[in-house]
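Each of the next two complexes has chain A plus one other chain: chain B in the first, chain C in the second.
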Partner chain A sequence: MNGFALYWRFIAVSVRSQMLYPTAFVLRFSSQFFVTIIEFGGVWVLFARFGHVRGWTFAQVALFYAIASIAFAIADGLSRGFDTVGPLFIKTGNFDRILLRPRSSALQITGQDFALTSAGRLVQGLAAFAVAIDLLKPDWGVAEFMLLAWAVAGGASLFISLKMLEGVLAFWTTEALEVANTLTYGGEAAAQYPLDIYTAWFRKLMTYFVPIGCSLYFPVALVLGHDAPGVPPWLAVLAPATGFAFLGVAAAVWRLGIRYYTSTGS
Partner chain B sequence: MTTLALPYLSILRARFSLMLQYRTAAWAGVATQFWFGAIRVMTLVAFYAGTGRQPLNLAQVVTYIWLGQAFLALLPWAADAEIAANVESGNVGYERLRPVDTYFLWFARALAWRVANTCLRAGPVFVLAALVLPLTAMRDWSWRMPAGLDAAVLFLVSIALSALLSSAMTVLLNIVVTAVRTPRAAGFAMGFVNLFSGLVIPLALFPSWAQTFLLWQPFAGLADIPYRIYFGALSGAQAAEGITAQIVWVVLLVLLGQWWLDRVLSRIDMQGS
Partner chain C sequence: MAQIQVENLSKSYRIAARDPGLAGAVRGLFHRRTREIAALSDVSFSLERGELLGFIGPNGAGKSTTIKILSGILRPSSGRCEVDGRVPWEQRIAHVARIGVVFGQRTQLWWDLPIIESFELLRDIYRVDGAKFGRTKDRLVEMLKIAPLLDTPLRQLSLGQRMRCEIAAALLHSPSILFLDEPTIGLDAVSKLALRDFVKDLNRAEGVTVILTTHDMHDIEALARRVIIIGNGRLLRDSSFESMRNEVLGERRLIVDFATDVGEVAVEGASIRARDGRTIEFAFDPARTAAHTLIANIARAHDVVDIRVDDPKIEEVIARFYTLHGAVES
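The block that comes next holds the complex of A and B.
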């Protein structure tokens, strides 16, 4: 069985086990949708009072918000396993069993916990997208929608890499670290608004260090016909590729982490 | 009187010292809350740039955000984890055997949990946002001092009421969890708490026609009322109104909780052993 087939098998098992408790699933799914859609409602309240933020309208920000939420929801669903590497695998010693199997460890970790409940956030993102489209009434062609999908893919890869790095950190801490949320959830929160509303150092941090701006801000700004200063359109189109490059870096760090991993024993 | 209160006081003390064991987690929490506070401050600064008069000025909103981050652990986001676990295992039935009033036992546990967690986190956030930030180039983003001595005193009264209100709501969540027998039932509470306590957006920035309702709904007393008292946006008669709303809700929710808990516990089926 090749890697892909194995991964799908993993996901199918994970989905089936979560669906054994349908009520629990519905409750978690709908409460996540509810909590995240309320945050989006908060954005509307701010625009109802202030009208705009540095020239951006509610409809435009709704598009940023939607793309960031969708990308994060996909990443969260696929790679929730990295959140629990510390408590579920390192601390218990179960990670040793994973290393014994002749398959990629990252694939096993992500495959074991396909977080179906992040569909709540996904639906919230799609709702925000519908609001944005309804208000913008854009005359987009296929190219624009392709670019948005490309941005989602780049953004999701970036968020997956961040979670992967969080998992590597757990090799040493054996705990789930709340600090890691600053880049994952914090990155999502930052990307829900156009990056140019923030102060310079934060913008640079989110462009060069954690390239959330490259994957999400540049392409969406281009689609909205709002040139990011100093970024030509061809670069904005290519920018989400940094998300995949970052994933490559994270995977290398993961392998390095495994080389230095010492079992907690049991 | 003192002998009657003794069991509850020792619960308070025991839980407090338990919480203080988790210092590393608290430091991680502080760093996270400071970072999220900074992102929220930056967003609000951007909204305020080039706008006219608003119900709260920028310094007040920034202070509001930092207060929210410092007192985040006070919010009743979830049921008591231990009681929720007892509900799943069936051990909740033992609560009936204890020779103390179950309601006040749960209330004392909730209060100790919320207050201990807040004590650990509020101080460092204050040091970072109110003492360190003013020394940097990001002076405008710092947590400001209270409007005056009277505002400070009223704030302490009001935030103490917030702790009581939050504990009463936590016990209500415990009861819901016990009644429907799954800890996940409490998930929706977070949405209501976030929106109506002012954590997502300060309540004063909501449309003006909603303001009276927003002040008198139960969640305002968790955060918005004490914060507005702190920087003087609610003072005099308005501050009295806010504190009255808090007291009314504490009393109502405690009475509701006692009545409901009685009904739920009298119906518990003990299965097996």
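The block that comes next holds the complex of A and C.
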């Protein structure tokens, strides 16, 4: 069985286990949904008061918001397991068992904890997307929708990479999760608004260091007909690929983490 | 060529030394002082295919470190190790596909899943061919008598039932080496016996190499023809079980509850080890004096309530071994 098929096998098992406790599932699903939908309500309130921010309308921001939420929800669902590397695997010694199996450790970690409840966030993202489409009434063709899907894919890869890097920290310290969370959850929050509303250093950080801007902002801005200064359309189309490149970097760091773990054994 | 070849294996850990108290913790943030702990020093041995090796030593002696290195999940600081011609930690994925590991205190099955589904998941993880899996599984299920447990989730099984399933799980991919780390811990007498029988069969009939660590001397006695004792990270002894027992367990105990207060009791062939009121513990060498002779002599001379024969506990054996070998526990 190849890695991809095995991953889905793991996920099916994880979903079944979670369904054994339906009340817990319903509660967590709805809390994810309501918390995030209230957050989106906050954006609406902001725009109802000020009309627009830096030339962006509520409808346009809703599109940014939706694409970032959808990308994050997918990433969170697929790679929530990285959150548990420290508490469930390193501290307990269960990581040894992962290493004793002839399969990728990242695949086993993520497969064993599929975050079904992030479907709540996904539903919220899709709702925001519906609101954006309804307000924008765009005359998009297939190309625009494909570009948005491509942005979601790049963004999801990027968020998965961040979670992976967060997980890898647990090999060195078990206390770093909170700091690392600022990158993932903070990254998502930042990506929910168009990048050019932020100050210069933060924009650079989000473009060159943690390329959330590349994966999400440039393509969505292009779809909305807002050229980002200095970014020609072809570059904006290619930009989400940085999300996949970042995944490669994270995978290399993960291997370093494994090497460190097998040297210290704890 | 030997299946497992270990030469001058050493492993030291660097651990952070911290001054006590809050001030110490704060200082530790800026100046990280570390010190080296030698977990394993200069261990060498080799093992032929089909051997059954007992690996004993007190907690912290280096047993787990050795097992972890042999199973590929820990890199040694120095020394060489080859298993089936592979360096375990360099070719971990290929290596772990050929070994089975059972931890007595940890599970490799899925908590909420019926056992059979855990087995099927392991089949896919280890890429076992469907038909071959069916045959191996059926044989293991029969040998370990777990057919009635297959549809039960792990969380509903007793410890003994669980351990039988764990062992089956570790063998589904037909490994050539099986590591058993304290497999009988917490098991009742019946389960222990059944487990020992199974391991013996597996080793003899199927030629699977077994490395067993345990604190239960009876496990060793029942299973291992060869025993390695490890203490303070050093290999203290590598010999047959018989010769080790003669050296260390040569002495046995006879515990006698007398009916009346007895003063000086002189019994030929035995010496007094300890006394507690009317209970006296004698030590004797069964090679020189047979237990029944000793018991008969004592019963003839005194009024006796109860007599029992005991082996020294493994901790005592190991402690005595340390003294014999001049190894001091740190």
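Here, the second predicted complex is superposed on the first by the 259 of 266 C-alpha atoms of A that agree within 3 Å, B and C clash if a C-alpha of one lies under 4 Å from a C-alpha of the other, contacts with A are read in each partner's own complex, and residues count from 1 in each chain.
FYI, contacts are C-beta pairs under 8 Å (C-beta built on N, C-alpha and C of every residue); 3 or more make two chains touch, one makes a residue touch a chain.
Computed from a predicted structure; not experimentally measured.
**Student:** Go through the superposed model and pick first if A:142 touches only chain B, second if only chain C, both, or neither.
**Tutor:** Touch partners of A:142: none, neither chain B nor chain C.
**Student:** Pick one for A:39: touches chain B only (first), chain C only (second), both, or neither.
**Tutor:** First partner only, chain B.
**Student:** Going by the contact rule set out at the top, does A:264 touch chain B (first), chain C (second), both, or neither?
**Tutor:** After superposition on chain A, A:264 lies in contact with chain C alone.
**Student:** Regarding the shared-chain residue A:49, is it in contact with chain B (first), chain C (second), both, or neither?
**Tutor:** It touches chain B, and chain C stays clear.
**Student:** Identify the partner contact of A:200: answer first if only chain B is touched, second if only chain C is, both if each is, neither if none is.
**Tutor:** It touches nothing on chain B or chain C.
**Student:** Looking at chain A, which partner touches more of its residues: chain C or chain B?
**Tutor:** B
**Student:** Residue by residue on chain A, keep only those touching chain B in one complex and chain C in the other, then list them.
**Tutor:** none
**Student:** For chain A, which residues count as touching chain B in their complex?
**Tutor:** Against chain B, chain A makes touches at 23-24, 27-28, 30-32, 34-35, 38-39, 41-42, 45-46, 48-51, 53-54, 177-179, 181-182, 185-186, 189-190, 193, 197-199, 202.
**Student:** Could you list, by residue number, the parts of chain A that touch chain C in their complex?
**Tutor:** 1, 5-6, 9-10, 13, 16-17, 20, 93-94, 96-97, 99-103, 262-266
**Student:** Under the stated contact criterion, what part of chain B meets chain A in this complex?
**Tutor:** 25, 28-29, 31-32, 35-36, 38-39, 42-43, 45-51, 54, 182, 184-185, 187-188, 190-191, 194-195, 200-201, 205-207
**Student:** If you look only at chain C, which of its residues touch chain A in the complex?
**Tutor:** The contact residues of chain C facing chain A are 13-14, 65, 68, 71-75, 89, 92-94, 96-97, 99, 101, 103, 106, 108, 110-113, 117, 121, 124-127.
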